[in-house]
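First chain written, first letter: the chains are A, B, C and D, and each begins at residue 1.
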Amino acid sequence: MAVILDAKGLEKSFGAVTAASNINVAVEQDAVVGLIGSNGAGKTTFLNMVTGYLKPTAGTIHFEGRDITQLAPREITRLGICRSFQIPQLFNTMSVLDNLLVGVGIVAAAGSKWGTRNSAYDNPVRAVDTMLEQFGLGSYRNRQAGLLPEGTRKLLDIAMAMVVRPRILLLDEPTSGVSADEKFVLMDMVMAAVKEHKVTVLFVEHDMDVVARYTDRVLAFYEGRIIADGAPAKVLDDVEVRRFVIGSHAAPAGAASHA
Amino acid sequence: MKLDRTSFAILAMGAILLIAGPQLPSWMVSMLNVSLCYGTVVLGMMLLMRNGIVSFGHGLYFCLGAYAAGLLDQMLKMPDMLLMVGAAVVVTGVVSAILGLLLAKYRDIFFAMLSLAFSMILYGLLVKTASLGSTDGFNVAAKTVGGFAVAPESQRLMVYSLAVVFATVSAFFLHSYLASHQGRLAGAIKDNELRVEYMGASVMRVVHRNYVISAVLAGIGGALMAVNIGHIDPEMTYWPQSGEFVFVAILSGTGSVFAPLGGALVFEAIRSFAYEYSPNTWQMVLGITMLLVMIFLPGGLWSLFTRKREG
Amino acid sequence: MSQFIAVLVDGIVYSSWLFIIAVGLTLIYGVMKILNIAHGSLYALGAFTSVTLCGLWFNAGLPPMGSYLMLLLSAILVGLVAGPVIERGLLRFMYGKDEVVLVLVTYALFLILEDLIKLIWGVDPLFITGPGGESPYSLLGNFEVAGLTYPNYNLVLIAVAVATGGALAWALAKTRSGKLLLAVIHDREVSAALGINVGRIYFVTFTIGAMLAGVGGALTAPTVSVVTGMGAEVIVLAFAVVVIGGLGSLPGAALGALIVGLVRAAAVHYLPEVELFSIYFVMAVVLILRPKGLFSGAEVRKI
Amino acid sequence: MIAKALGTMLTGIALAAVTAAPALAQQKTSVKVGFVTFLSGPASGPFGVPAKIAAEAIVESLNAGKAPAPYQIKGIGGLPIELVVIDEAGGATKQVSEYRTLVQRQDVDIVIGYIGSGDCLAIAPVAEELKKLTVLLDCGTPRVFEEGSYKYLFRTRPHATMDAVAATMYLLDNRPSVKRIAGINQNYAYGQDSWNDFEATIKVMKPGVDIVTSQMPKFGAGQYGSEISALHSANTDVVHSSLWGGDLEAFMLQAQPRDLFKKSVLVLVAGEPYLHRLPGKIPDGTIVGARGTNGVFAPDSPLKRWLVETYKGKSGGIDPNYPAYSTAQAFLGVKAAWEKAAAKKVGSAVPMGAAKGVKEEMEKAYQPPTQEEVIAAFEKSSFDTPSGKVHMTLGKGHQAVTGTAYGTTRLENGVVKVGNIKYYDADRVNPPEGVSSLDWIRSGFKR
């Protein structure tokens, strides 16, 4: 499999605080990668560096062989790396439909400049409706985004990343704030959409059940470093990971059995 | 292009105003004329407000448009109304394209304040320019339209008709613009700039474009006002003038392109009658009106109409 | 050299005056996020009130030195009457609205107060003068610097500016209410959640802010002729000062006042032609280089 | 919804149009005068409100027929005057709208007013377009009739050039040795013009003088500390100033304790109205003018006594200042022209024996004069006013000239008195017809 995203020697410090040090990750096409680690371990910092919100102090990030280290979020999005947010970033006064139509409009307006992908949306409204059904948002179509329940907000947030046709999708805690029984429903829908469009996924997650069930690779962060990298079963069973990352979390053995 | 109901209504309004012009009493034509000039500026304010941005210095472009028109008459001896509006478009377009590069990064009160500073610098420059009459300004007289001479007795009607045409075209254009992807994008920027950037659009570029459009609309309004009033002075870029545009924009609401035009007319009517019937306290009348609108109609006068629909 | 000293002295005197006017504006903005255009009217109100009170004082044949007390009393009156009336009667219904809408609310208030002042005091310029021509401006005598005579009243302005700034800085840093105030400035919602009575803090802040505007007006009154429209002239100047310094910042207001004061004095002495727009030019330059003014809070990370 | 909004708007317009349809022509029972003056803002105190008080006092007195000769006829031509007062604040743009309202909605017969020069310039072409007799009250700029030529527009007070010219003459007569000149004037058109005229005049009349500094504080600045230091450091013999209103008073309050005028003589071209307000603050020896022979410079006459008396009755005992005199000039000019036109009409309507139509002819002759007839009588007329005779000689008979005067102040028993008054004839201080003011000054006052 071809490497689609390649981060080498990433460092990030805020004054005296080191948020990331010597991060080396190569992600292959179509992989589903889970990022785990306690709060402040550097997962979101990594996501923010890949999407251009933060500029690394040192190191490089390549996407499909192209150096994107110094690009702005907008340019990175256009190339095909899109993301969702821990706190959903919606257009709160607009309808769910319009939230997604904004993205469709941006893609359509960009024309041939939309990375390497096809930017044509023959029928924007129908395309969005299809997507809404796929994400189970059909019944919320004309509701104001600001008034949606939290789980629905999360879904819409992810749908907004999907609507601009990513090659890589970065999800920041997709299931946080979502009730336990909804988590898997949400993740099933997201994964179905991702598989259909052949999108590579990296997601930050605290729920080890979710990690074990959906990923085929896990990166464990601790104090700005990656302390383990590999298949979920192996990483989740790692002693260091269990000590520093999972701690009193759910028993890893059961999780590993899913994989 | 498919026309929606609002587009038809705009064109109908333009046609009715054109036909009604000669029948209306002349003071009403004057009031409508001033309102249309104002309304055109406020259309631009509305576009900015859709982006979540308020300029406290739009007098800058109102004034630049007027001076572009005036100088065409004064220096180049080309008193043609269409050329004047054209000159205003060019000048305000160029200046706003340059200042917009800076301003597009600013938001909220800082956008308001930096635009205020720019408008006050223009004020200072014009006050220092004795050859343009300093604070007294100078008179502007337009004598032809597109090269055709206009008889003096029909000049008022011509000026009015031109204001109707330009306001209608501006409203029509702005409505189509807002109904398109661009309009939705403006609302999206107001709601969440971060997300817009993460959907791959340049917020800066959108804000810049909308700033230029709003500046050009203000310029058109300024040129029309110069021709209508027949006199221009630096007061047009002094801060109370800019404040008045914000005032009318808030009074109107941003719900529809009709709001700025209607709001400008309501404002002009209130102001004119307050001057007449309460010459010592007209400011108080305006202030109280404004407070009442902001307390009871937070969406501006336009919400009176949308409320009915919902109810 | 002597001209340079004159620039310094003129500049510092003018800066002190600016600071006294601007400090209430920046305080109110910092706490309540209201850029209060009506600050200009409160300033005018302070000036008009002090003309009336000093007039009564002089007419009663009381010792002229007491007129300073009347200036102080005017400022307190404006703060204690106009402040609560405006905050309780109008502003509290507006909290939570957009900043720009709040500016417009105060603009409406400004229009109303302008006419109100006109209705109470008329349109004739007024000034403070006793039966023998005494005025708080000249009572204290003069001092000389670089061959120029200055009234000692200018020293009063400097002293009041320093004292006001110092007192506010001390109160914010050292007192319990000051710390509560800082908490509200930092995050209104969290403060409310922590049980801080935000409404009360707003009430007190606005009253103090109004009082500071009143101090500005009362101290200006003896040096000028008090006339309708004086608030309008001052408010944009005060905006420039606080925007240059960084909205809501106390040291910012001080630095902004100093910059504007010195630039203006230098312009008057060396290049009178540019005086008119020197201030707005400085304001534009500062905003271009530092978009939120010289003293601005750090950007908060959003994601 | 939109259609509804549109409908509401247009119905409103149509309704207003119907109700506003002009009333059927009626017999004239009064002369409706639109009077525009500053009722708010910095110019209202010193200019606007005194003008309004004067207008109200004069109208009341004229309507009661109490004015002295030659103005004993009640009102204007026997018709009572009805005043409509409008605030001049808000800038030229608004004033043009308000002017249109006055003429078209209020249907006034005459508009008298405007103190701001910008407003005067802006109103001029509109008066012409609407064909409405309009008399400019107090604005100073010479540009109105130098840049344009009007039929319906008159200005019954002289423009400001003579203030500078006469000030220079007076200064050089009394202080022939001045070498260093400085100025402090507001940074707006009137302030700039005043200084430019003064500078040009003194350079012509006394070549070689040094212009040491020209301070141009912002209009309404209020704080003049730096300017006073700059003027002080400049070591000037003369400080020229056209400051007025609150700005002038603030400047005097701040300058006086700083000994600025120990070494420099102050020339206040428009200082007269403030003398009674600033006792002790105006240094002895200050040269003051009143923009014409107004106020203390007005020669004693029954008309002057009438103005002072009627004005004081309305102002609570305060003497009229020069804007009040300007107001009197405007009203009396119109009245004189109107009555002259009426008299001419009657005089020329000779009854032709018992021929048919005599009655009609006579009735027509006793109708009020038409606007065109008033204008014909107004052009190039001369009339008496409380400030002496006014001659409508410039601007093809539409722009007044008068003489002017300057004097020197001294404090006597707590009251500022003006002494050493010198009068300057209209011809000496005003440019001839067809020559712009600045050209006339630069040509060395050629006639």
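Throughout what follows, a residue touches a chain if its C-beta (ideal position, glycine included) is under 8 Å from a C-beta of that chain, and two chains touch if they have at least 3 such contacts.
Bear in mind the structure is a predicted one, so any value in this text is a computation, not a measurement.
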item: Touching subunit C and also subunit D, the following chains; value: B
item: B-C against A-B, pair bridged by the larger set of C-beta contacts; value: B-C
item: Centre-most chain, if every chain is reduced to its averaged C-alpha atoms; value: B
item: Identity of the chain that, by mean CA position, is farthest from subunit A; value: D
item: Gap in Å, rounded to a whole number, between the CA centres of subunit C and subunit B; value: 33
item: Distance from subunit D to subunit A - Cα centre to Cα centre, in angstrom; value: 76
item: For subunit A paired with subunit B, centre-to-centre distance based on mean C-alpha positions, whole Å; value: 44
item: Between subunit C and subunit A, distance of the C-alpha-averaged centres to the nearest whole Å; value: 51
item: Two or more partner chains touched - positions in subunit A; value: 89
item: Two or more partner chains touched - positions in subunit B; value: 127-128, 194, 280, 282-283
item: Subunit C: positions in contact with at least two other chains; value: 114-115, 118, 232, 273, 276, 303
item: In the complex with subunit B, residue positions of subunit A that touch it; value: 51, 72-74, 77-78, 82-83, 89-94, 98, 101-103, 105-110, 114, 160-161, 163-164
item: Residues of subunit C touching subunit B in the complex; value: 35, 90, 93-94, 97, 99-101, 103-105, 107-112, 114-116, 118-119, 232, 236, 239-240, 243, 247, 273, 276-277, 280-281, 283-284, 287-288, 291-292, 302-303
item: Contacting residues of subunit D [partner subunit C, same complex]; value: 39-42, 44-46, 48-49, 187, 213-218, 220-223, 225-227, 229-230, 232-233, 245-246, 249-250, 253-254, 256-259, 277, 279-281
item: Interface residues, subunit C side, partner subunit D - complex; value: 2-3, 6-7, 9-11, 13-14, 17, 114-115, 118, 122-125, 127, 133, 135, 137-138, 142, 147-151, 154, 220, 222-230, 232-234, 264-265, 268-269, 272-273, 275-276
item: Subunit D partner contacts - residues on subunit B that touch it in the complex; value: 5-6, 9, 12-13, 16, 20, 23-28, 30-32, 34, 127-128, 130, 133-139, 141, 152, 155-156, 225, 229-233, 235-236, 238, 241, 256, 258, 262, 265, 268, 271-272, 275-276, 279-280, 282-283, 302, 305-306, 308-309
